[in-house]
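Several structures are given next for inspection.
In the two complexes that follow, chain A is the common piece, with chain B as its partner first and chain C second.
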Partner chain A sequence: MTELIKAKVSELLANQTADRVLGWKKGEFFYDETPAVFQAEELDDLVYDGFSAPNLSKYLIKESKKEGKVIALLKPCDTYSFNQLIMEHRINRDNVYVVGVPCRGNLDINKIREKGIKGIQSIKEQGDELIIETIYGTKTLPREEVILDRCLCCKGSQHMVADEVIESGEPAWEAKADRFEMVTKLENMTSDERFAFWRGELSKCIRCNACRNVCPACSCLQCVFDDPASKVQAKSNADDFEENMFHIIRAFHVAGRCTDCGECSRVCPQGIPLHLLNRKFIKDIDTFYGEYQAGADIEAKGPLTEFNKDDVEPSIVKERGGK
Partner chain B sequence: MQKIGVFICHCGTNIAATVDVEAVTEAIKNEPGVVYAANYQYMCSENGQALIKNAIAEYGLTGVVVCSCSPRMHEATFRKAAQEAGLNPYMVEIANIREHCSWIHKDKVEATEKAIILARAAIAKVHLNAPLISGQSDVTKRALVIGGGIAGIQTALDIAEAGFEVDIVEKSPTIGGKMAQLDKTFPTLDCAACILTPKMVDAKSNDKITLYTYSEVESVKGFVGNFEVSIRKKARYVNTDLCTGCGECTTKCPSRKAKSEFNMGLMNRGAIYIPFAQAIPNVATIDPQYCIHMKTGKCGLCEKVCSAHAIDFKQQDEIVEQKYGAIVMATGFNLINLDQFDEFGYSKYPDVVTSLEFERLMNAAGPTEGTLLRPSNHEHPHTLVFVQCVGSRDTSGCGKPYCSKICCMYTAKHAMLVRDKYPDTEVYVFYIDVRTPGKNFDEFYRRAVEQYGVHYIKGMVGKVTDKDGKLIVQGSDLLENKQLKIEADMVVLAAAVEPDPSARSVASMLTASIDTNDFMTEAHAKLRPVESPTAGIFLSGMAQGPKDIPETVSQASACAAKVIGLLAKDHLVNNPCVAQSNELRCNGCSNCEKVCPYGAISYIEKEVNDHGVREVRRIAQVNEAVCQGCGACTVTCPSGAMDLKGFSTNQIMAEVDAICR
Partner chain C sequence: MSLNEETKKEYKPLIVAFCCNWCSYAGADLAGSSRLTYPTDVKIIRVPCSCRVNPLFVLRAFQRGADGVIIAGCHPGDCHYTSGNYFARRRMTLLFSMLDYLGIERERTRVEWISAAEGVKFSTTMNEFAKTIHELGENKKLRDLRCEE
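Our next item is the complex of A and B:
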C-alpha cells in the first residue's frame, strides 16, 4: 500500500499538481507514526499501514495557509474532519489536493501486547494476518482481533471528500458495532453511579492536553483554557473537580462539530474514554434534531448552529421529541 | 474597587413575608466593595428611589444593586433613578429576590439564605460592570400588520387614523377573516357582515393603508424601528388593476371541484373565484390546482368571457420589499382538526357539523341562503344537539388544555337563533360549564334558557351513531345522574380554537416567542399584554389567545396605540448591551453568524497584528445597531472571542462563583 501511495504522490509532485505531501512517518517506535510533510526527495520516509492512525485534517489548517499546494492523504474517517474544517473556513481548500487512501482499520499495539506477545520488533500485515517479529521468534495474529476500538464502529469506506482516491483492491474494513452501547449504559446508571464513573475516569487525567491538541474540532487560535483573560485557566488549578471540568467543557465546545473520529481517546496516555462524552452529545443531537453526522455533507446545517422557521422553542424541544 | 450600594425591597409583604430583609441587609454589609446597604418597603416608589439617589450622592457609589422583583419589571425604573443621580444606568444590577426567591419558597430561613446568595451574585457582577453608552437609531414610520381579519383591520385603521402608513398582508384572496364567515354576533345579534364589511371598505379606501391580499411574509430582517420585510404576492393569474369583479368568469368556469373555503367546504366553487360577494379586493383569483387551462392547456373560458381582459395565465409571484418600524401579529385562528374526536362521528355523518359550518348554514349568503337544512338530505331539522368543549379544556392530550372562551356564547347564540327562526325545533346543549363573563353575556345566555327554552344539559356526549337517518346522541346528564339518548337531526360541535398554523413560522421569522400552544407570548401578561417580548412586535387578536370579537377589537386598538407610540418617535435609544468580537481570538468559523437571529454579524478579511505576527484573517464583526444582545453568539463561539457587553462571560462566571462560594 505504501508503494502505491508513493507512486501516486510522486506522479502528482512530478506533474506539479502540488509541491509537498502531508502524510505519516515512523516515530520513535515503528507503531508510533506521526504526521509529517514531505518534499519530493523525502518520500522514502513516507509510510502507510495499520499504525497510520493520526487524523491529518487538523494539520491542514496551518499547512493550507502556506504558499503552494499540499497533497493531503486522508483516510475515509479523516475526510469528515476535513469537511468540518472547510465548513468552518479553517482550511484553504484551494491549497489542498486531497488523496483518499483506503483504510483497513487501525491497529492497537496495546491489544497486541495483551495477547501476551512481548519483545515486538516489527509487524508486517499480510492479508488478514499480522506477522509479528519478536525477540522470541515470529508470531502471527488475526488482524481483526487487534483493531483499535474506534474502528470497531467504522463510518465506512467512502471518502466524503477527495480529489482522487487510491484503490487498493483489498476488501475495505467496515465494522458496524453499536457506537452508543456504552453511552446507553451510562444513561441507565443512577446519577450517583454516573458521577462516580466519570470522577473515576477523569481523575486519571494528567492534563497533558493531548486530547485537545489532537482534536480537529479543538483548533481555536487561542484555547480558552490557555487564555488568562478567560479566567478559567487559573480555575482548573483550584481543585481536582475544576480540573475534571476541563473535559466536560471541551465536550460542550465541540458538540455538534465533533465528527467522532476518536482521536481524543486514542491519544490519551491514561486511557480515559473521552469519546463517550462526545458520543453522548451526538446521541442527544440525533434524538432531538434528527440524525446528523458532522462533516458528512458540507452543505448540511449544523444542528446546534442553524435554525429555521419550523423550529420550536427550546423549552419544548424535548416535550415534542425534537420535532 | 467599586463602591457599591445595596438596596433591599420589601415589596410590601411580597418579599418581606418570606425573606428576612433585615438579615439580608446585615449579611451583605460585609461583602467586598459594599459601602452602603438599606432596606425599604417599596423601593420602586418615589421615596425608595430617593433613597437610592441620595446614597449615590452621599457615598459616591459607583455601582448599585437592587434586591427586588424581576429586572423585567423595574430594571428600567432603577436605571433611570441612578442616571438622574449622575450614575451610568448600566452600573445598576438587579437581584431578583421576588420571582426567583420569595414567591417560590415557603421556608423563611431558606429563602433568606437564598436572597443573600442572589445579592452576592449581583454584587460580584457589579464589580465587573463598566459604564455603557447607548447609540441611537431611526424609526421607519410605517407599520406592517400580518393578518387581515377583524383584528388586523382594526389595528390598521387605528394606526392609519394617527397618520401613519400601514400595510396589511393577508394570505387569502380577501380581507375579512373569520368574522366575515359569521352570521350574527353575540351579545347584540347584529349581523357580522353589517358591522364588518364597512370596516373592510374603510381599510380599502383609506389612503394610508395598503392591502397585500393573497400575499405572505417571506422573510423579516432588522430590528425595532428598522425591519426589512419581503412580501410574496402570490400570482392570482388575474390582473387586479383590470378586473372589475363582475363575476362573469366565476359563473362560467366549468371546473366545480374545488371546495369553497368561505363556505367551509359545504359547497363548491369555480377554479376562478371571488371568495364572497363583499370580498375586498373584489377581484377574481385562479386556483391553479383546479384550473383546467393551467393543468391541461385547454379551456381558457374565463379569458374569453372577461371583457376587461384581466386574465393572465402567465402571471408570476411578485416579491415586494418594504421597510417597517413596527410589525403586528394578527394571524388569527382556526378550529382544530376533529380527526381525534371520532366519537362524535364528524368524519362519518354529514349532519354532524362544526360551529363554523353551522354559521354558514344559517347565513343568508351561505350555501342554503340562510334556510337551515340538514346537509345530508336538505330537509328541515327538528332536533338539534349542540356539544360544547369539543377539544377545549382537554388534558387527555387529544385536544387543547385551554378554554376556547367563545364557544359558550356562540352556542347560546346558535341555540337562540334556531329556536327563534324555527319554533318547531327542540334544541339541546351539552356543556361542562357555561362561562359567560362579559358585559351582557350572562343575560344573553339566560335568555336562551328562559325565553327560548333551550335545554341545557350538564354533561358530555359520549358517542354519536346513526339509525334510520337519525343521529343517536348518547350522553350523560350529570345533574340528574342519568344516561340520555337523543334522536337528533343535526349535531353541532363547538370545536376548540387554535392559532393559525402560519403563526409558528411567522413568529420564528420575527424571533417572537410563542407558548406551548403556539399562541404568541406577551412581554408581560398584565402590564404589556399587546407587546411581544421582541421589541417592535405587537400582538392583536386570537394570535395572542382565545378571545371574542368585542375583546379582539379592544385589543386591536390597544395594539395600535402601542404601535403609534413607537412610530411617533424619531429616534430609538439602542440597547448598549451588544456583542463585541475580539479579533485576535476569532477563528473565523462563522458559527456566530449562523446562530445570529438578527443578521447582526458579518465577516471581513482583515490584517491583524497578533503579538507581532501580522496576517490577514477572517474576522467576525458586529453591527451594533442591529444586535439585540441575545447572547446566542457568545455561547456558540468556541474560543470566547465573542462577548456581550453588560453580560460578559466573566461577569456571569463571577455570579456563578459567588453563588457556589
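Our next item is the complex of A and C:
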C-alpha cells in the first residue's frame, strides 16, 4: 500500500500538480506514526499502514495557507473532518489536492499488547493476518481482533471529498458495532450511577489538552481555555469541577460539528472515553432534529446554527423518562 | 443550641434565573406590581435575550453554589430579536440532556417561556421550581468547593 501511494504521489509531484505531501512518518516507535510534510526527495520516509491513525485534516489549516499546493492523504473518515473545516472556511481548498487512501481500520497497539505479546519489533500486515516480529520470535494474530475501538463503528469506506482516490483492491473494512451502544447503556443507568461513572473517568484527566489539540473541530484561533485571566489552567487538576467543566464545554463547543472521528479518545493518555460525550450530542441531535452527519455534505446547515419552529421543548429531557 | 443557630442551619436553596429583558424580566416586574409572591431563593439575572445564555454561564452558576438554574425567555415566535429563543431552545435542550447524561439531576435545570403579560405564570413557575429544588436538596455534584466560604 505504501508503495502504491508513493508511486502516485511522486507522479503528482513530478507533473507539478503540487509541491509537497502531507502524510505520515514513523515516530519514535514504528507504531506511533506522526503527521509530516514531505518534499519530493524525502518520500522514502512516507509510510501508510494500520498505524497511520492521525487525522491529517487539521494540519491542513496551516499547511493550506502556505504558498504552493499540498497533497493531502486522507482516509475516508478524515474526509468528513476535511469537509467540516471547508464549511467553516478554515482550509483554503485551492491549495489542497486531496488523495483519498483506502483504509482497513487502524490497529491498536495496546490491544496487541493485551494479547500477551511482548517485545514487539515490527508488525507486517498480510491479508487478514498480522505477522508480529518480537524478540521472542514471530507471532501471528487475526487483524480483526486488534482494531482500534473507533474503527469498530466505521462510518464507511467512501471518501466524502477527493480529487483522486487510490484503489487497493483489498476488501473494505465494515462497521462491526453500533456506535451508540455505550451511550444507550449509560442512559439507562440511574443518575447516581452515571455520575459515578463519569467521575471515575473524568477524574483521570490531567488536562494535557491533547484532546483539544488533536480535534479537527477545535480549531478556534483563540480558545476559551487558553485565556490566562480565567485561571482555568491553574485550577485544572486541583478540583473535580474543572474536569467536568472542561469536558462539558469542549463537547458542547464541538456539538453539531463533531464528525465522530474518535481522535480525542485515541490520543487521551489516560484512556478517558471522550467520544462518549460527543456521541451523546450526536445521538440527541439525531433524535431531536433529524439525522445529521457533520462533514458529509458541505451544503448542509449545522444543527445548532439553524432551527425549526416546531422543535422539541427542553422539557423533553424530563419527559423522556428513564431514571 | 439557641433558636438563632437552628434557623441558620435551615436549608436555603439558591436558584439562578436568567430572564430575558423583553419578556420574562418584564413578567417578573408584573408579578411584583401585581403583588404576586415568588420565593426569595430565586436570584434573577437579566440578559438581553435567552440566547445570550452561554452554557458556561449555567455551569458557572452551579460552580458558585446554585442548586438550580432556570432560563426564562419570550415564547417561541415572540422573540424581540426574531429568532434568538429558537437557538436558545436547541442549545439548552442539548446542554440539559448532557448534564443529565453526566448524572446531574434533570430537575435542577429548566427552561420556561414567560411573556411580559404573564406575571402569574412567572410567580407559579418560580414557586414550583423552588419547591422541586427544595425537595432535591443541595447540589453537591457540580459545585466547586473552593467557592465555599
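One rule holds in what follows: the second predicted complex is superposed on the first by the 295 of 323 C-alpha atoms of A that agree within 3 Å, B and C clash if a C-alpha of one lies under 4 Å from a C-alpha of the other, contacts with A are read in each partner's own complex, and residues count from 1 in each chain.
Going forward, a residue touches a chain if its C-beta (ideal position, glycine included) is under 8 Å from a C-beta of that chain, and two chains touch if they have at least 3 such contacts.
Computed from a predicted structure; not experimentally measured.
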**Asked** Just chain B (first), just chain C (second), both, or neither: which does A:153 touch?
**Response** neither
**Request:** Report for A:186: first if it touches chain B alone, second if chain C alone, otherwise both or neither.
**Result:** second
**Request:** Using the touch definition from the top, say if A:249 reaches chain B (first), chain C (second), both or neither.
**Result:** second
**Prompt:** Which touches a greater number of chain A residues, chain B or chain C?
**Reply:** C
**Message:** Quick one: is A:141 in contact with chain B, with chain C, with both, or with neither? Answer first, second, both or neither.
**Reply:** neither
**Message:** For A:43, using the defined touch cut-off, is the partner it touches chain B, chain C, both, or neither? Pick first, second, both or neither.
**Reply:** neither
**Message:** If we overlay the two complexes on their shared chain A, which of chain B and chain C does A:307 touch? Say first, second, both or neither.
**Reply:** both
**Message:** After the superposition on A, what does A:289 contact: first (chain B), second (chain C), both or neither?
**Reply:** second
**Message:** According to the stated criteria, A:210 is in contact with first (chain B), second (chain C), both, or neither; which is it?
**Reply:** neither
**Prompt:** Just chain B (first), just chain C (second), both, or neither: which does A:90 touch?
**Reply:** first
**Asked** Both chain B and chain C contact which residues of chain A?
**Response** 224, 304, 307-309, 311-313, 316
**chain A-facing residues of chain C, complex** = 55-56, 59, 63, 76-77, 83, 86-87, 89-107, 109-111, 141-146
**Message:** Applying the document's contact rule, which stretches of chain A touch chain B when the two form their complex?
**Reply:** 88-90, 219-224, 227, 230-232, 253-254, 257, 301-302, 304-313, 316, 319
**Prompt:** Which of the residues in chain A end up touching chain C in this complex?
**Reply:** 186-187, 191-199, 224, 235, 238-239, 241-242, 244-245, 248-249, 251-252, 255, 277, 280-281, 284-285, 288-289, 303-304, 307-309, 311-318
**Asked** Across the complex, what residues on chain B touch chain A?
**Response** 504-506, 508-509, 513-514, 516, 584-591, 594-595, 597, 603, 610, 618, 636, 638-640, 649-650, 653
